[in-house]
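Which chain is which? They are A, B, C and D, in the order written, and residues in each are numbered from 1.
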Amino acid sequence: MIRALGYFIEIIRGSLITARHFMANMFFHILKVLGIKTKRKGAVTIQYPEEKKELASRHRSLHRIMTREDGQPRCVVCMLCVTVCPSECIYVEAAEDPDPEIQKRPSQFVIDLNRCCFCGFCVEACPEDAIRMDTGKVEIAQYDRQDLIYDLDKLKE
Amino acid sequence: MIEFLIPLIKVILALVWLLLLTLYVADWVERKESAIIHDRIGANRASIFGLRMIGLFQPFADAIKMIFKEDFTPSFSRKFLHSLAPFLSFFFVAVTIAAIPFGDTIRIGSRIIKLQVLDINVTLLFVLAMMSLGIYGVILAGWASNNRFSLLGGIRGAAQLISYEVAFGLSLVGLIMIYPSLKLSSIVHSQGELLFGFIPKWGIFLQPLGFIVFLFAALAETKRVPFDLPEGESEIIGFYTEYSGLKWGLFMMTDGMEIVIVSTLMTTLFFGGWQVPWLQADGFHWPWGGEWFLASWIVVILQVLAFNLKVFFFCWFQVLLRWTYPRFRYDQLMDLGWKLLIPLSLVNIVGTGIIMSL
Amino acid sequence: MKEKILTKNFGLKNSFKIDVYLEKKGYTAVRKALKEMTPEQILDEVKKANLRGRGGAGFPAGVKWSFVPDVDKPKYLCANADEGEPGTFKDRYIMAHDPHLLIEGVIITCFCVGIHHAFIYIRGEYEAVALRLEQAISEAYEKGFLGKNILKTGFKLDITVHRGAGAYICGEETGLLESLEGKRGYPRLKPPFPASIGLFQCPTVINNVETLSNVPAIILKGADWFCQQGLPGDGGTRIFGVSGMVKNPGIYELPVGTSLRDIIFKHAGGMKEGKTLKAVIPGGMSAPILRADEIDLKMDFDSLVEAKSMLGSAAIIVIDEETPILEVLKAVAKFYSHESCGQCTPCRIGTSWINKIVKRLVQGKGEQEDLKAILRLANNILGKTLCPLGDAAAMPISSIVEKFNDELESSLIQ
Amino acid sequence: MIKIIIDDKTVEAKEGTTVLSAAKLAGIQIPHLCYHAAFIPEGSCRMCLVEIEGFPKLELACSTQVKEDLRVWTQSKKVTEARKGVLEFILAEHPLDCPICDKAGECKLQDYYEEYGLFESQFKELKEKREKKVSIGERLILDRERCILCTRCVRFLREVTKTQELGVFNRGVRSEISTYDGELVDNNYSGNLTEVCPVGAITDTDFRFQIRSWFLQKGDSICPLCSRGCNISIEYHPGFARIPRKKRVYRITSRENLAVNDFWICDLGRYAYSYLDENRLSNFLSSLNGKNKRFDQESALQFAAQKIKKLYDKKKISRMTLILNSWLTNEELFLVRKIFRDDLRMQRIFMVDPSQGEKDKMLLTSERSPNRKGAEEIGFDFQSLDFKGLAGKTDVLVMFGEYLLDLASLEEIKAVLEGIETSILFSSKESALVSLFGLVFPTALAAEKSGSFTNCEGKIQSFEPVLESWGESRPEWQFLLELSRELDINSNYYNQIESTTAVLEKMREEISFFQKEK
């Protein structure tokens, strides 16, 4: 019984904590609505579409294909990304490059973002630094699955 | 004709009030309050023509979404009972609003209209009875889903509700002894009197222990955290797992509605219902002397406002509790009900009897 | 000074003419061998004479001949006159001044082994010498020393002079065979050794011009006499070709075992005016280099092996103090990189790699690791190549880098 | 037998074998690049150097012959150091372009480097620049930078095909493989050069850049394109979960079998792999309810059996004609014999094979079908088919294969078939015949079924399916067995048979030719 009473006190203390948070935050919200600027804010969250958090430099965002100086993709179609990809979402097809120093270039380079798990293995596997995941684009949702299949032109942008 | 229309209008108004409040409490208050407790902002995106109104449209968005969601009935479930269950629980909670007095009376022309849909002699018993019947919805939902986890959830729910029903009822006995009536309107009227000439004769002051027992029991009746063992959506599987769309929405509405009903009951029984301290039919009569006369329609509005304010406060309070406490373990739940609340309520009855007989 | 064996007719007028040669008792050895001796006797005599191959490896000639199996196939003799080793010019002198000595040796060898067709594979650049040799052979045909019935003994022998196309590797015996067959001059795998499967898949004896030229003297004067000319186990004399910064460069026929210091300072007249000795390459470019303080040694196969060098073709290249050792290294590296045939990996790539490093050293862009790299690469080539060219490249290079490390280090980037 | 000790392991080898092959028999792999079992060892790569007791230097395993009590060490420090050194040399002039090299994954140089290589390059010089795309044949491309001058290609053309189109030019580090002025490698075995090359220097345009070798799966099969029966590996891509591949088979490579094809296959067999994927018939077709409608297997079998049975019951089996071809396996031909000749007592059985092609001096024979010899041994004595004469004599025509087109023109076939009540075709290809026949069964190719072929020398070679069957197609032997069940003749016999091995057992019991090999 006495123990239960002890619990009871703790229970009240608990709800006082939440109530305090509510009251304090509510106070700052009201101040904001009234147009009074305060140092502290009612919420610590970031209001996503309007405010955006800066991505860490190592963040893995949408892929891009790097190009050489002449605008051709750096990719030499070694297919190491295809090999290492755990979700089997990359499809590459080779074509002969007129430059004998390069030999191969991709005639098709397709990433199926429906399947991609953004593990970044392809970036690590690439010997030519041709694929990177540093575009900072994270809003890639589409209404149509087809729109998530990125080909070379889309990836080069 | 008009005798028929007035109750109809009262029913409609009461229902609209209940539904709107439920919608807002169950959705908007719940979301916003939890967000503010969490140092967040909460749902604020639903908009009409770009007008956001701090998320006030969110309940409607949710409701519309709920209506258009796929209504999935599992195969091998008992289709009829499966559909019946949410309606049962919804109905028995919704119907209790009929017994709640929103205010005293208003006079329109020569007609005196009570601000209460159903003013019978045993409104309190009616409320208790209807709330007890809500169990059927839970059990039926669990059983008709043909899912053993749902069934277990339903059984847990039934056991919990029945256990707390006892404490719930017993906690009110002291109150009935003090305000010797089962009529809610007269209980409220009695609370308009003053104790020692200045304290409003509210239930909370006369029955503090009864109130505490009632509070816990009522919270348990609403099946919400920390008493949400029937559902336990975050971990354990509960009685409406197999529900979706509008039917699931009805269960959610029932939950929300129970908050409102419990709040109205608390207000009515322990916090003077529509009574405003020191406000009488002709105006304020301050205990330190002096009077402030008001027109009767202003008094009625004040009373209705006071009632709403109290109800809203208790809704807020319940949501606060829900976002504060973790869930009970089932044995703790049962211990609390049977070993603490029921003995306490009995003590309360005996104590009340002793004090009254003095 | 003992009797000269090889160079005795040098200096005579028209010494290359058969008449002069006959006048000096030429072809008596052939007469003796063909008419009085059996092939076995000749073989014994040559074996006893301890005639070691003069081409560089020093393999006893008699033993080599005895390896030729008695099979039902034509046998061939190849006289290796592809004298490509830088610093070596002894065979040219023999063929230019006394071609009949070689022809006589060839005839006796062929008679001993039972060969009816001999080839003289002569270096492509020796055009005039080749013409003179061909002329001498046609003279020998005229006089009946060659042809179908030599000295009416019924022995039949033809000699063909084959001019190479200038590849150093064709001086390697199997490379020479391939070249002679009309193929790329790629050395062959050994075993099988040419003695059993050689030219056109037939048993073949391959001897250096100088080796063969020693044979008539052995037959004529006997193995014991020949042995006395040199050292025990390494008989006869050798022609030392001295080049570089000496007063009298040229060839000197001296007994095997003459001291290197004597050759340079006594016979070749010492260093040129105002020059001091820095280093000596004692046996053609493929021999490891000797420092000036290491020249007190006998010039024979075994002594030089002891001194971690080799006698090779006994071509002595004398280098003076004013010649930067880097230039020597550059010449060696460039030569072997240029002359590697490209067949086996270590030699093909190793020599060119070393050459690339040395080029960098010459440009003054060398680093400390480069010297270590040269040693490491040379060591990787050594003993792992198909033919001796790899070793021939690796040994002098690593000896230069080891022995003149200080001087080379001073040319590095500090 | 000679006993030698390799790495403390006693190995018995025949006289004349080399240390390398003796070690291979004992399961000890000695790395080698220029050595190939088919050629005289050249010893130029120096990878196979081993330590032999009594020899001061390291000796070549590929050319040293075994001698009694030879002690060989293949893993001593001296040996591995030498391998490292040699690999360092090779890699010094070899481009490190494994990621774009078609040989990567099956490159011996790559494998050895993984095992023995020095992983820190000390090569600070510039690599020699050479041409990277030299066409040395109709399909062959030479990358001179990748070439390690093992001269296997040169020796292949010198010793095997004896055409000698390639040679080594220049010397030293400037050595390079080339064809003689203006000529190209032009023989029917040029494709073997890509296999012979231990690195990615010689590639063929057919496989070049198509796929990386590690995606491919290999399956053993027999080449059905001529009666030699060369052993081949079919290399195919099983496909990714979502991305459909354009083709299944990427290349066909040869498989060592010294009794049949040594190490080689001809270019016809190598480059004709697309027949496995192109123009394939995938459905049962019937003209019963309209023009070439899809049909199901069960109805097709029932329909065929019913028509044959009707003739048989009416004792009019002589009005049925059967046309076979020798692309059928021994087992299938045997089943045909059992069902149609022994049980149904049919006489009118003919053979229509693809028309003969050119043969060459090595492997390719003039017959363009794999099993003519087997058909003869099974006991068919084939009459020549007077196809135009079939009209009027035949009510039911059952035909296997699509080679009728070599025999008669389409109009003629059409005219004859119109006069025949029921015409049934078993075909794997979508040929012009398909629309003329009343009922068409899609059948499997040799790479998709199990069975055996008897090659022109009378050697029986069994094989297992490599690829999954195409569409609804199935092997003929399964159709034949099910047809026998539908016909309900001699069912005791056929019920014992479940697989091709069971058929082979039966064949061994009944035909002496098949007994000799076990």
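Simple rule for what comes next: a residue touches a chain if its C-beta (ideal position, glycine included) is under 8 Å from a C-beta of that chain, and two chains touch if they have at least 3 such contacts.
Values in this document were obtained by computation on a predicted structure and should not be read as measured data.
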Return the chain pair with more inter-chain C-beta contacts, choosing between A-B and C-D.
-> C-D
Could you grab the centroid distance between chain A and chain B? Build each centroid from C-alpha atoms only and quote it in angstrom.
-> 45
Geometric centre distance via CA averages, chain D-chain B, whole Å | 82
Separation of the C-alpha centres, chain A versus chain C, in whole Å, is 76
Provide the C-alpha centroid distance between chain C and chain D, rounded to the nearest whole angstrom.
-> 55
Enumerate the residues of chain D that touch no fewer than two other chains.
-> none
Hunt down the residues of chain A that sit against at least two other chains at once, touch-wise.
-> none
So, with touch as defined above, which chain pairs make the list?
-> A-B, A-D, C-D
Contacting residues of chain A [partner chain D, same complex] = 76-80, 82-83, 88-89, 91, 94-96, 100-101, 103-104, 110, 112, 115, 127-128
Which of the residues in chain A end up touching chain B in this complex?
-> 4, 11, 14-15, 17-19, 21-22, 25-26, 29, 42-45, 47
Residues of chain D that touch chain A when the two form their complex | 97, 99-100, 131-133, 208-212, 214-215, 240-243
Chain C contacts chain D in the complex at 167, 169, 184, 189, 191, 337-346, 348-353, 356-357, 360, 369, 373, 379-380, 383-386
Chain D residues touching chain C in their complex are 41-47, 49, 56-58, 60, 63, 82, 85-86, 88-90, 92-93, 122-126, 128, 148-149, 151, 167-168, 170-175
